[in-house]
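Below are two complexes that have chain A in common, paired first with chain B and then with chain C.
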Partner chain A sequence: MKGQNAALGAAGLAAFLALGEAVPRLGLVKEAYFPPTSRIADALLDEVADSAFWTALGDTLTGWALGLAIASCAGIVVGVLISVVPHLREATASTIEFLRPIPSVALIPLAVLLYGSELRSVLLLVVYASFWQVLIQVLYGVQDVDPVAEETARSYGLGTWARIRHVLWPTALPYVMTGVRLAAAVALILAITAELIIGAPGLGKRIGVAQTSQAVPEMYALIVVTGVLGLLINVGARTVERRALAWHQSVRGEVAV
Partner chain B sequence: MRRRLLVGLTAVSVLTAATACGSSDSSGSDKAAESGGTTTVKVGLIPIVDVAPLYLGQQKGIYSKHGLKLEITTAQGGAAIVPGVASGQFQFGFSNVTSLMVAQSNNVPVKAVANAIASTGVEGKDFSGLTVKQDSPIKSPKDLEGKKVAINTLKNINETAVRASVRKAGGDPDKVKFVELAFDQMPAALDSGQIDAAQVVEPALATIKSQGGRVIASPLVDVAPDLTVAMYFTSTQYAQQNPEVVKKFQAATAEALAYADAHPDEARQVVTTYTKIPAAVLEKVTLPKWPAEPNRASIEALMKLGEEDGLFKSTPDLDKLLP
Partner chain C sequence: MRRLLLRVVFVLALPALLVAGWWVASDDSTDVYWPPLRTILETFPDVWTSDRLEDDVLPSVLRLSGGYALAAVVGVALGTVIGSYRRVRAVCEPVLEFLRAVPPPVLIPVIMLFAGIGDTMKVTVIASGCVWPILLNTVEGVRAVDPVMAETARSYGITGASRLRTVVLRSASPQIFAGLRQALSIAIILMVISEMFAASSGLGFTIVQFQRSFAIPDMWTGILVLGLLGFLLSVVFQLVERRALGWYHGLRASTRRSR
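What follows is the complex of A and B.
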């Protein structure tokens, strides 16, 4: 079953690549603006052979990883704090709902004013965008705590810290993992956008330079790289999620009694 | 590039706020670290052919001879450069003259310090051109009435220039439909017929020409002979606090510009170090002129046309803006 799925997946990808080769070759779109797969592959090989490409990849991954780590930690800590401290949830709800929909890219002028075109500018945007993903999931997760379990823990005399550790955290963890997985994807998007627009070093900046240089195949090659990066990040995040929740019924696949 | 004006204006509002909070007093002077008589300055550039002299000057040791070390940062456009310079993240930046005049008339504290590029002044052989598709019926800028013309930024230097060309050809520029499009997207848009004409710069111009596109006018040449198109600028605050560094930058840049102008092959070569322009395209690229000094008369002409087009809130003070 699994082998068959893999074979079908590979066939689908091969068909897609063949289509990418055929469409420009048949003249349906101009080769100059949409080069065939083989030319993109050539450009990709050139990129991989260039050490500057690897530096750019490293810069992008640094921005992504640091930003995601900061956003996740902050999201979890703030989320738990807001839920545990009485009345804080109600007091902050409107502010969160106001701040959350602000698109991170709207903060680009601010980022440039504060930090120029450095890594910190990228981090500002990445953290702002990913933080809400984690925070909102943590808030949902905490809300999901079974009141009976909570009351039981209370009546057994568990303190706040013990209740967070043994009741709140296990309930919230699946939500937290979902939040981090979503944040991982958002963080990559924002890291590359920031590089593209602000000009902070990384893959995004390289795409921008290729674009303004009329180096079309190189541009698509770099876009393919970012796509692959997104794919790997998603697969990685799912693996981590499965490991961290190995005990949870959603992963074990058992029916809850 | 196309976001230059838009973000310039955003920067205006953000800057006003920043100045009001007094946060802009952390000037750039502390960031220009001095070591052994050499001052390191951060320069914000757009990775295009125009800025080749700075790379070449750095490579040839012209800047170090003047006691400067350039730390070059490239950004896609004014989005990062104008606010970056005004807030002191960069000490110097690259911008077109109209954007600088717009900023000046909006009281954004910028000051042009050195020349950057000028048009070649040769009709039909400029680094920028008003182009149409091979089989287009449009023969002259006058035929653009009622047609869609792409420029990189509305209400900026290229709109002024195209309007000047239409006027010169006896047409009414108010009847032209201007649309905003990034230079690098113009060849494809022109080819597919989404636009009727495009005001492009290199290397997109070379791409259009290689597809058989025709240049029907050189709008920058129509504005003024030998038009100063872009300049390097700093913030007024930095210029006041570090007059010595600014003087060094001016002297070194003038020398670098003269060198690049005299050695076009080396200039072409250095472009490959910071762009990805394919070799075949780079060969065909028309280089801009790199005169050491700005041409004030041409800037005045550009300003008059800009005023006619309503670009400025108040008349820009060229005495304050120009070096």
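What follows is the complex of A and C.
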């Protein structure tokens, strides 16, 4: 069953690639706009041989990883703090609901003015966008704490810190992991967007340069790279999630079946 | 009465405090990039006149709703087809996962090649970025239709369009709405960015113009307008969702009580 699905999936992928080859060759769209798969693959090989490509990839990954790390830590700390201190949750709810939907790209002009095309402008956007993903999940997770467990811990005389450590954190962890996974995808989008618009060094900037210099196959090749990067980040985040939650019912249940 | 008052205090206290803090901290600010809040608010009515609302905000909102609606229709339709047939799903899954993983803003240069820099480009960019969360969530939702319910519907002879409407889409709707919610924030991002790239009107265009001409207080008002727009859209979405998923939230609440 699983093998059959994989085979069907591979067939789908092959058909997709073949379609990409055939459509421009048959003249259905202009080759100048949409080069056939083989030419994109050629351009991709050229890119991989180029050391500037690897520098750009490194820049993008640095912005992504740093931004995600800062946003996750801040989201977790603020989330736990808000839920532990009495009344803080009610007091902050309206502010969070207001700030969260503000699109992070609104900050692009400000980031350009403040930091130009440095890494810091990328970080500003990435952290702002991914912070909310983590924070909201932490708040949901903490809400899910079993009142009986909480009362039990209290009556055994566990202090605030011990209750956070042994009751609150294990309950919230699955939510936190989901938040971090979502944030990882958002962080990549914002990192590449910032590079594309602001011109901070990285893959996004290379795509912009390829576009303005009419290097269409290179542009597609770089877009494929960003897609693969997104895919790897998704798969990686899922793996980390499964490892970290190996003890949790949801993951244990999956393994047993 | 007292509880209501307390609630109002809770809702308004922190925002008031933050705005007051911003006001006081920036009041005698001479930093060009952080103008006093007083100046920003004084500039606001001058910048966002009714002309500008009509010339810049309206086109932006129209592009946004056009692209979003297109993505919703295509996403739900394709998602229902792919979710209903196991084999189709197996064939499409890797390709869809890959296409979803491509960060949507990089599609702007590609779509500019095909569609130029007009409104078509913007609507296409918004639609092509928003469609993935809606599509994939619809696939998951349709796949997870309760088999007992599906069998029951079949034995009652509910087929075709009414089966689709009352059984499949109904039970998938919580998932579909989760996808629509994700798509909304992507739509706003893409609207702004596509206008920053190439446009002669729109919110993104205007804000970048202010920034390039160093009209800093004007730029700040633009950021505020974008924030307000994002907030408004999310409120509207929540209202729609509450209406459309009222039955679902009621069901959840009652199962939780009975447990």
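Operating definition for what follows: the second predicted complex is superposed on the first by the 251 of 257 C-alpha atoms of A that agree within 3 Å, B and C clash if a C-alpha of one lies under 4 Å from a C-alpha of the other, contacts with A are read in each partner's own complex, and residues count from 1 in each chain.
Throughout what follows, a contact is a pair of C-beta atoms (placed from the backbone, for glycine too) under 8 Å apart; a residue touches a chain by one contact, two chains touch by 3 or more.
Everything quoted here is computed from the prediction, not taken from an experiment.
With both structures placed on the common chain, the touch criterion links A:Y33 to chain B and to chain C. In the superposition on chain A, no contact is made by A:T160 with either chain B or chain C.
In the superposition on chain A, contact is made by A:F98 with chain C only, not with chain B. Touch criterion met: A:Q4 reaches chain C, while chain B stays clear of it.
In the superposition on chain A, A:T152 makes contact with neither chain B nor chain C.
In the superposed pair of complexes, A:V112 makes contact with chain B and with chain C alike. By the touch criterion stated above, A:E90 is placed in contact with chain C alone, chain B being left untouched. When the two complexes are overlaid on their common chain A, residue A:L231 makes contact with chain C while staying clear of chain B. Once the two complexes are laid over each other on the shared chain, residue contacts for A:G12 go to chain C alone; chain B is not touched. Put chain B and chain C next to each other and count what each touches on chain A; the higher total goes to C. Overlap of the chain B and chain C interfaces on chain A: residues 33, 108-110, 112-114, 196-197, 208, 210-211.
Across the complex, chain B meets chain A through its residues 1, 3, 7, 10-11, 14-15, 18, 42, 44, 46-48, 73-76, 79-80, 83-84, 87, 89-90, 183-184, 187-188, 191-192, 203-204, 206-207, 211, 274-278, 281. Chain A meets chain C in the complex at residues 4-5, 8-13, 15-16, 29, 33-34, 87, 90-95, 97-98, 100-110, 112-114, 185, 188-189, 192-193, 196-197, 204, 207-208, 210-211, 216, 219-220, 222-223, 226-231, 233-234. Residue ranges on chain C touching chain A, taken from their complex, read 7, 10-15, 18, 33, 87, 90-95, 97-110, 112-114, 185, 188-189, 192-193, 196-197, 204, 207-208, 210-211, 216, 219, 222-223, 226-227, 230-231, 233-234.
Those residues of chain A that touch chain B in the complex are listed here as 30, 32-33, 108-110, 112-117, 196-199, 205, 208-215, 218.
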